[in-house]
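Have a look at these structures, which come just after this line.
Here come two complexes built around chain A, the first alongside chain B, the second alongside chain C.
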Partner chain A sequence: MKRLINQTPTPMLRVLLGLLPFVLLVLLYMFASEARLAENPSDKLLPSFTQIGDAIQRMALEPSKRSGDYLFWEDTLSSLTRLGMGVLIASAIGLALGLFTGALPLVSASASPLLTVVSLIPPLAILPVLFIVFGLGELSKVALIAIGITPFIARDIQRRTQEIPSEQLVKAQTLGANTSQIVCRVLLPQLMPRLVDAVRLSLGAGWLFLIAAEAIAATEGLGYRIFLVRRYMAMDVILPYVAWITLLAFVIDALLATLSRRLFPWHHQGGQ
Partner chain B sequence: MKRISLFLLLLLLSTTASARDSFKICWSIYVGWVPWAYGADQGIVDKWADKYDIDIEVVQINDYIESINQYSMGEFDACTMTNMDALTIPAAGGVDSTALIVGDFSNGNDGIVLKGKDSLADIKGQTVNLVELSVSHYLLARGLESVGLTERDVEVVNTSDADMVAVYATPGVTAVATWNPLLSEVASMPDSHRVFDSSQIPGEVIDLLIINTETLAANPALGKALTGAWYEIMAHMNGGDERATAAKTFLAELSGTDLAGFESQLASTEMFYTPAEALALTNSEQVKETMQTVAEFSHKHGLLGEGAPDATFIGVETPASVYGDSNNIKLRFDPTYMQMALDGEL
Partner chain C sequence: MIEARNLWKKFGDKVVLERINLQVQEGEFVTLVGTSGCGKSTFLNMLLGTEPVSSGELLLHGKPVPGEPGPDRGIVFQQYSVFPHMTVLQNVMAARGFARRSLTGALFGSARREAREEALGLLEEVGLSHAQGLYPAELSGGMRQRLAIAQALLGRPGILLLDEPFGALDPGIRADMHDLVLRLWRQYRLTVFMVTHDLKEGFYLGTRLWVFDKTRHDPQAPNAYGATITYDLPVGNLDRDTLSDIDRDLARAATETA
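Here is the complex of A and B:
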């Protein structure tokens, strides 16, 4: 008999074991929902899968009675636009800040303390200030996402820049490279895959800020819809929206990982 | 196995409506409901609970909608809410609910404020910030109706009540619909005009203590104790004597204002200090008409659920008559206990 620590599942078993908790959760939900609906057929807390299906049909496949729009896709489009813009802005600023503070000690001396302090401000706490500065429109939502995740990306890139072996910098200098050449040809290419990693890690926070901003003032968006229908406990809409956000987050993460492997195959060699 | 797990889940998730002796009620911060805190603090609720040999726990919930959801899920036996939310959340969710105490109606506590304009008709074409699907939204619809406009003439932006005041200060925001104390805060800003408020639709926004109908039927003692306690609290608050001032000062502090601020909130609330006043509204035809307007508004906005074919889908029972489907009555205005209080039978 092999020791437990040495027993590894076969590929097939591994898949089955991985699926098991999901199946159990779905079954538990089905039992609970059935039990509650048997007692009160209009119960809204745990809708049946049929009710959820009807809600998806209504939100995604039929135009809204009032506005004629396909609400689900409208919400998805506007949320993804906000998230995309916020993340793009944050990664551009974060990369620049991280690269220069990491590579140039003079810049680091003046910018790093500020960066550290700014990164400690809880972005949600300054929401009312953001509204006054940026107004209530799209700008404030994008700004919240950007302000929320830029410091994280910047500090991560700064750290990665400093981790690049100094031998490389010395080597480049003996070959006659000047500062801008070192930054553009030695540091930047090596930082790109790390930027993708940082963005992947910060997307969770990005979603959090997106939904928080949409909950406060909006006319469409995934977070807006959830907080709106919460008013009459429409779990048949909320649950598929949560599942959809989870799926979107998963797909975006997987896309970024694939992108990184395609663009920077050298970074992923050697088991990285 | 399936049967056993089903049984266990039923045990876990169901609320039994049999006779019990300990109960929980919840309230959220609002001028018409905060007296419950006074009742709990001064031992008035305990005194009445002891009289009927039961326990009543009074819990404050910070988030109003969350408190209603908790009640609808069966976590609480009774909860404070407005007539509209009682219809659209517990009643539409199939929880048979009874308005045990009709506490007051909003008489200016909900309003619409415009920046730079002083007539409601000017709202046409503007963007209005409000908590969508709330009483403010209902008030906006009623206000627009009164000047011959419809909701198509404005654009509604769902805005969290917590941020309403901060949002109003930004230049892009020109119209808001909200409730007190936010309303007076917003209306007092420069160049702001209160163009419509709930005093123009008196008796339509009613603040209630809603109780689970089955629980009430199985435990009349709970209804008696709560009603008795409420009118004792009201008696303490009413009038200008020292006890009333002390009570109001206590409530003002709880509401984050001072005595003058609390008095001004009371001034825009038509409190029913005696059961006779509450009964006059409850027993009138007006309640039914109001519930009809509310049900039609709610149905138009999809609040009664997508399965609802029309506004009469959920029956509302009032002492005068029943509105809607009498086979599906989920909201009841029950004058029984307030009548007992009036007759001194508690």
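Here is the complex of A and C:
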């Protein structure tokens, strides 16, 4: 018998072991839900899968009685738009800040202390400021996401820029490159896959800020809907919404990972 | 061409190099050997412009060596010398792009075609034509150093600095690389400075061998004295014909510049 640290599962077993906790959780939920509903058929805490199915049908496949919209898809669209815009703005600003503070010591001397302080401000604490300044519309929600994750991306990119071996910068200079050529041809291309990594890591925080902003002031959106139906204890809506958000987060992450492998094959080959 | 006059290098209190006096003519192939930490790489970095001189003078064509790397001095490091995000061909072509005064160094149209032709020719010369579409991470160590050398040469430097370029390679591949470097040195009439920790390599390759070592020791203050050049020997395995060839080339170069 090999030591435990040397025992590795076969690919088949690995898949089964990976699926096991999910199956167990679903089973556990089914039993618990059934037990509670047997006691009190109008219990709202653990709705059965049939009830959840009905709720999905109502939200996603039938137009709302009040507005005639398909609420589920409306919510998804507006949430993804906000998240996308926020992340896009944060990546652009974060990349520029990180690149220039990482590559140019003079810029770094002036911008790095400020960046460190700004990154310590809890973004949610300034959400009221954003509402006051930008109003309750889209802008304040996008701004919260952007402000929330820009410092993280900027500092990550700054560190990645400094990690690029100085030999490469020296080499480029011995080939006659000036500063802007080094930035455009040596640093920037090598930072793109690292930017994708930074975005993937910051998406979790992005969702957090999105849902927080929607919970406080919105008229549609996934976070708004969850916090709205909470008043009626509508777990049959909340649970599929949470599952949907999780799925979206998973798919976006997988898409970014695939995109990175396609666009930057050299980054994923290891070695130097 | 290169001259050092009472050159010193200190890091804080630590003296690394002291009392270096030397003259190097165009076309020489100097190998620098010595124990680790003896300052041979530091000397190379001073020639490169990434390390400032502490005192004394280091002159290139009669003027102090510039304080930053430039296209007149090519470099090949032991590793990280090539751009990992460019294919072999792009790596070599990049040198042409960097040589132009432009914002991004990107090449277009006829300039791009010319650079491509030139880069393909050079890859042929160093034996990398078959690998032109690969990324550096897909190459073996020896191929990667061939690429680094090809790239350095496309900058058309007069001086080629090699910082333990073959230190990480297998012995068999090192012999191939020696042939390559000697061939390119003659063909491009380079002045080569090569740091190596392998004395045999130093003896075999160069026309001139420098040994860096400390001549003074203070057991109470190991940092008080630095290394200097203890041996400055003419070496080499060149036959008379080649030698006279180089001699003639040098004489012509001298009259051309005079």
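Operating definition for what follows: the second predicted complex is superposed on the first by the 270 of 272 C-alpha atoms of A that agree within 3 Å, B and C clash if a C-alpha of one lies under 4 Å from a C-alpha of the other, contacts with A are read in each partner's own complex, and residues count from 1 in each chain.
Quick note on the criterion: a contact is a pair of C-beta atoms (placed from the backbone, for glycine too) under 8 Å apart; a residue touches a chain by one contact, two chains touch by 3 or more.
Keep in mind that this is a model prediction, so the values were computed, not measured.
> Evaluate whether chain B and chain C can sit on chain A together after superposition, giving fit or clash.
Chain B/chain C on chain A - fit side by side.
> In the superposed arrangement, does A:H267 touch chain B (first), chain C (second), both or neither?
In the superposition, A:H267 touches chain C alone.
> Is A:E62 touching anything from chain B or chain C once the two structures are fitted on A? First, second, both or neither.
neither
> Tell me which partner A:A32 touches in the superposition: chain B (first), chain C (second), both or neither.
After superposing on A, A:A32 lies in contact with chain B but is clear of chain C.
> Just checking: does A:K171 make contact with chain B only, chain C only, both, or neither of them? Give me first, second, both or neither.
Second partner only.
> In the superposed arrangement, which partner chain does A:K44 touch: chain B (first), chain C (second), both, or neither?
A:K44: touches chain B, not chain C.
> Taking the superposition on A as described, I'd like to know which of chain B and chain C A:Q181 touches: first, second, both or neither.
second
> Look at the residues of chain A and decide whether chain B or chain C touches more of them.
Comparing chain B with chain C, the partner touching more chain A residues is B.
> Using the superposition on chain A described above, determine whether A:I132 touches chain B (first), chain C (second), both, or neither.
So A:I132 only meets chain B here.
> Which of the two partners, first being chain B and second being chain C, lies in contact with A:I216: first, second, both, or neither?
After superposing on A, A:I216 lies in contact with chain B but is clear of chain C.
> By the touch definition at the top of the document, which applies to A:E163: first (chain B), second (chain C), both, or neither?
neither
> Using only CA atoms and the superposition described at the top, report the least gap between chain B and chain C in Å.
Between chain B and chain C, the minimum C-alpha distance equals 45 Å.
> Taking the two structures together, which residues of chain A meet both chain B and chain C?
none
> Quick one: in the complex, what on chain C touches chain A?
Residue positions touching the partner: 48, 50, 68-71, 73-75, 77, 79-86, 94-95, 97-99, 101-106, 135-138, 144, 148, 151-152, 154-155, 157.
> Of all residues in chain A, which touch chain C in the complex?
Answer in residue numbers: 165, 167-168, 170-178, 180-181, 184-186, 189-190, 264-267, 269-272.
> If you look only at chain A, which of its residues touch chain B in the complex?
31-32, 34-36, 39-45, 54-55, 58, 127-128, 131-132, 135-137, 215-219, 224, 227-228, 230-234
> Which stretch or stretches of chain B touch chain A in the complex?
2, 5-6, 9-10, 13-14, 65, 69, 72-73, 88-89, 92-95, 129, 132-134, 155-160, 162-163, 166-167, 169-173, 303, 305-306
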